[in-house]
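Two complexes are shown next, each including subunit A; its partner changes from subunit B in the first to subunit C in the second.
Showing the complex of A and B:
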């Protein structure tokens, strides 16, 4: 069970005047046997982080340790980490068998052990019939599968890093390979890190999802938590389709309210829950300027008539709003309404009846409170 | 198969192209009397004497041996220098890299005669005049830049991710370079070797000037065949035929990649 730790990793490309900083101090622990998904928009530093893990890049500052051994300065070949790139990389002059054998030869596997490992991986990835083919003659998809196989063939690696490794694979076969990856991963105690900018891929694949943006890790959590309690406004917006709705709320003393409806009370001293600010912890709520409420489009209730049975105005569908438009997405519809001058998106089932004006409500247990963009409660 | 009109030009072209080579072979199997005496499309008295002389007379066959030694030596030196250089140019960005790369090629723009005097004087003073090494080294001045350019083209066709991938697969740089990278650019190396070989094999001026006896190349031997009995035409023709043979052999091995080589590895 290898544990990989990143300590205050910073990285900048270039030097002198043309320096471009891409990572701004990343602390992260990767535990053996866990599958992680690294999720973030293009250009947020995912690949850079991966290359620092594998040793292709030396971080400008910070420490990488594998099982408490400092490997920051070690080259990739001494780290025993497998990495699969976004684009298929095969050794074109070799057969598929020799491609798969290549990493094993470097580690001096015996002939029998090598054959066994290759047969096993070839069977899982359906490459058995292709073993004697020249890798250069394969289609892009099979090349990608061969490079995947080369990453997975070593059973004793510390970690397997997959950099959007299924990009070249047909969409309808992607889920199949994702399942195969999980299946292979279950047999071994290594860390698996899957980089993607596709959230559905990340949420279905990983035990834990790491959301990155602009060179910072915003949240590391199980997919459910990421959905229910996004640590920052960015995570809320980035995860989910469509993203989270945000509404400004008023603070009077320790009380927060939305349209004169009491939301919740805060203690005078609070701690930020989310983001990199975790360590900064307790801050005075007076210092927070912007208070906002976040709610998922899935959780807003919608009715044709006002519901007067419950006292809680937030829970019951009690705010009268005008429907602007409806986008149909097959089994669900996205309803856009205007609420107190703000656009809100509501996800309802196809069967939900709609009118020009509807009544909406916010279940209190599904509401997240953000202070200056960071999750408070 | 029906004869097509458009083949006529092709056949004429081949005819003109092969004419001198055919005539050379024709001459090499004739006696001097027949060569000088009459016009004949085929040798009337077919003789092997000319070839026998070349393979038995040390002053002739040593010319081939000398040429082959310095040509091979030159090819080895050029490749072993150009391979790391081309790798650096194709993989790293360094200060003045592009300028240096272009400047390399400008070395080839000077005629070999320009370097005759410095080479002659320098090699004499360090005592390697009239050795195979002298010619081989002199030819590297022209072959290394070309080799770097051709190899760089071939290497740039291999994505950098291959290097990274090999490193991740557990190969240190030297191991990667020998076990993976060199086989990958093998066609490039073959074509480069061919260009080095051909330049060095046909170059006359430097080879003749930098040698006298011990390393005298075949091209120099051929220019000095005027004896007391006059020109030995048949012998000269036989030597000419034998000089073409290595070129044909080398071309045969790299025939599929020569076009890419002429475009300096850039497809």
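Showing the complex of A and C:
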């Protein structure tokens, strides 16, 4: 099992006046046998980070280690890492078989081992019938599958990096190939990293999702945690469709309130900020200016009548709001309401009855508290 | 769908047609006239049919020139194409060095052809030329005006100096357009430099190379000015190529009939080769189109 560590990786393109910094100190551990998804908007540094992992790029600063061996300065061929690119890359005048054999020949595999590895991967990727075809004659989709195969054919790699590797594949088959990738991965202890800007792809594929934005890693967690406890407002907004709702709240001492309704009390000692453990002494509530409540559109309760059984207005549907519009989204409806001057999106099932005015509530256990954009509680 | 019929298009083609007629078709027809008639004056001519053609095809001197021409064109292609690829591969890809290198490489292409001849005529002289006298001082018995082999080598090297740049420019442009990700994929696969050349760069250059072969073949097959200035076709007939022999016939000996017949044959040879290359090129492009359609 290979463990890959990134220590304070920074990177800048260009030099002198045209320098453009893209990574700002990234610490990350990738453990063997785990599937990671690297998720973030276009231009956030995902591909750069991947190229640093594979050795195509040398970071401006920082250390890359594989099993505690410093490989920062090693070229790709000495790192034993496979990488599949966004655009289909095949050796056009070679057959599919020779394409798959290419990385093995370069590493002096025996003929028998080579044939075995190729047959195995061709079967998994449904390429067996195409092995004798010239790769240049294939459609873009099959070219991409062949380049995927070239990445997967070496079973003994430390890591397989997939850079939006299924872009040219049809949506339905994309789903199929993601399953195949997971299957293949289960048999081998390497690290698999899947770069994407599509959150559903990331959430269904990965054991752990790494959310990046503007050259920083914002959160590394299991998909459920990413959904339930986004470490920053950006993650909350980026993950989920639609993203998290945010409302300003007031703090008095350790008490937070929403429209004069007591919301919750902050713990006496805050030990985590943005999901990261912190020394308690470093956190002073007074220094945080903006307090916000975050809640998923899925978790806001919605009713036609006010609920009088509980005194806490937050606990159940008790705020009267006006419905602005309703958007149908398959079997769910997205309801837009105005609450104290703020737009809120609520996700309800098709069967939910709606009226011009409805009553909404915020289940306290589903509320996240953000201080200056970072998760506090 | 009904296409609108509109004959006005012919009107738009007319200027081009007129231009081509004056620059190509009418002169060509004049040559055809000369090739099938014996013309003494404006009103004094005799139709001779294929007589001039038969005469010229039996011409021993022409046979010699044709053989020389074929060998010359073959050597030009065999040397300039690989050399051009090699130079293109070794040029810097980025930055100021790249622009500088490509400008320097392109300079021979900007020199007028008769100047190229003159430059080499002086350069190769054994009395005042830098190249010639240098060879002599190394003890090499070199004299392009009296030794046929030396003359040949000099003409060949001159052509390589003059035209390899064209191959370099074509290849370099194509190499520059290969996306970097191909090289990245090759590095991940652990490919050697030779594999990268053989399986990425060469296949991508196939089309420009066909074009380079076509251009270099036509130009070398029509070569006239440079050897005319450098060697005048000598010593003897050693460096007399087809176009120079043609000029001798037409302007020197005033044998307009045979010269015209020869011109037509010459033209047909070039046309044949160009057609062959063109077919090869377009069939490749069609293959490409089919591929994109599949996608």
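Everything that follows uses one rule, which is that the second predicted complex is superposed on the first by the 364 of 377 C-alpha atoms of A that agree within 3 Å, B and C clash if a C-alpha of one lies under 4 Å from a C-alpha of the other, contacts with A are read in each partner's own complex, and residues count from 1 in each chain.
Here is the rule we use: contacts are C-beta pairs under 8 Å (C-beta built on N, C-alpha and C of every residue); 3 or more make two chains touch, one makes a residue touch a chain.
Because the structure is a prediction, the values reported are computed rather than measured.
Enquirer: With both structures lined up on subunit A, is it a clash or a fit for subunit B and subunit C?
Expert: Overlaying the two complexes on subunit A (C-alpha atoms) leaves subunit C and subunit B clashing.
Enquirer: For the three-chain arrangement built by superposition, which of subunit B and subunit C touches the greater number of subunit A residues?
Expert: For subunit A, the partner with the higher number of touched residues is C.
Enquirer: Figure out whether A:301 sits in contact with subunit B (first) or subunit C (second), or with both, or with neither.
Expert: Neither subunit B nor subunit C is touched by A:301.
Enquirer: Kindly classify A:91 by the partners it touches after superposition: subunit B alone (first), subunit C alone (second), both, or neither?
Expert: Once the two structures are laid over each other on A, A:91 reaches both partners.
Enquirer: Considering only the touch criterion stated at the top, classify A:140 as touching first (subunit B), second (subunit C), both, or neither.
Expert: The second partner, subunit C, only.
Enquirer: In the overlay, answer first, second, both or neither for which of subunit B and subunit C A:54 touches.
Expert: A:54: touches subunit B and subunit C.
Enquirer: On the A-aligned overlay, A:232 touches which partner chain: subunit B = first, subunit C = second, or both, or neither?
Expert: neither
Enquirer: Just which bits of subunit A does subunit B share with subunit C as contact spots?
Expert: Of subunit A, residues 54, 56, 75-77, 81-83, 85, 87, 89, 91-93, 102-103, 106-107, 147, 150 contact subunit B in one complex and subunit C in the other.
Enquirer: Quick one: in the complex, what on subunit B touches subunit A?
Expert: Against subunit A, the touching part of subunit B is residues 159, 161-162, 164-172, 175, 180, 183-184, 186.
Enquirer: Which stretch or stretches of subunit C touch subunit A in the complex?
Expert: Answer in residue numbers: 179, 181-182, 184-185, 187-192, 195, 199-200, 203, 291, 294-295.
Enquirer: Show which residues of subunit A lie in contact with subunit B when the two form their complex.
Expert: Within the complex, subunit A contacts subunit B at residues 54-56, 75-77, 80-83, 85, 87, 89, 91-93, 102-103, 106-107, 147, 150.
Enquirer: Touching subunit C in the complex: which residues of subunit A?
Expert: 51, 54, 56, 75-77, 81-83, 85-87, 89, 91-94, 102-103, 106-107, 136-140, 147, 150-151
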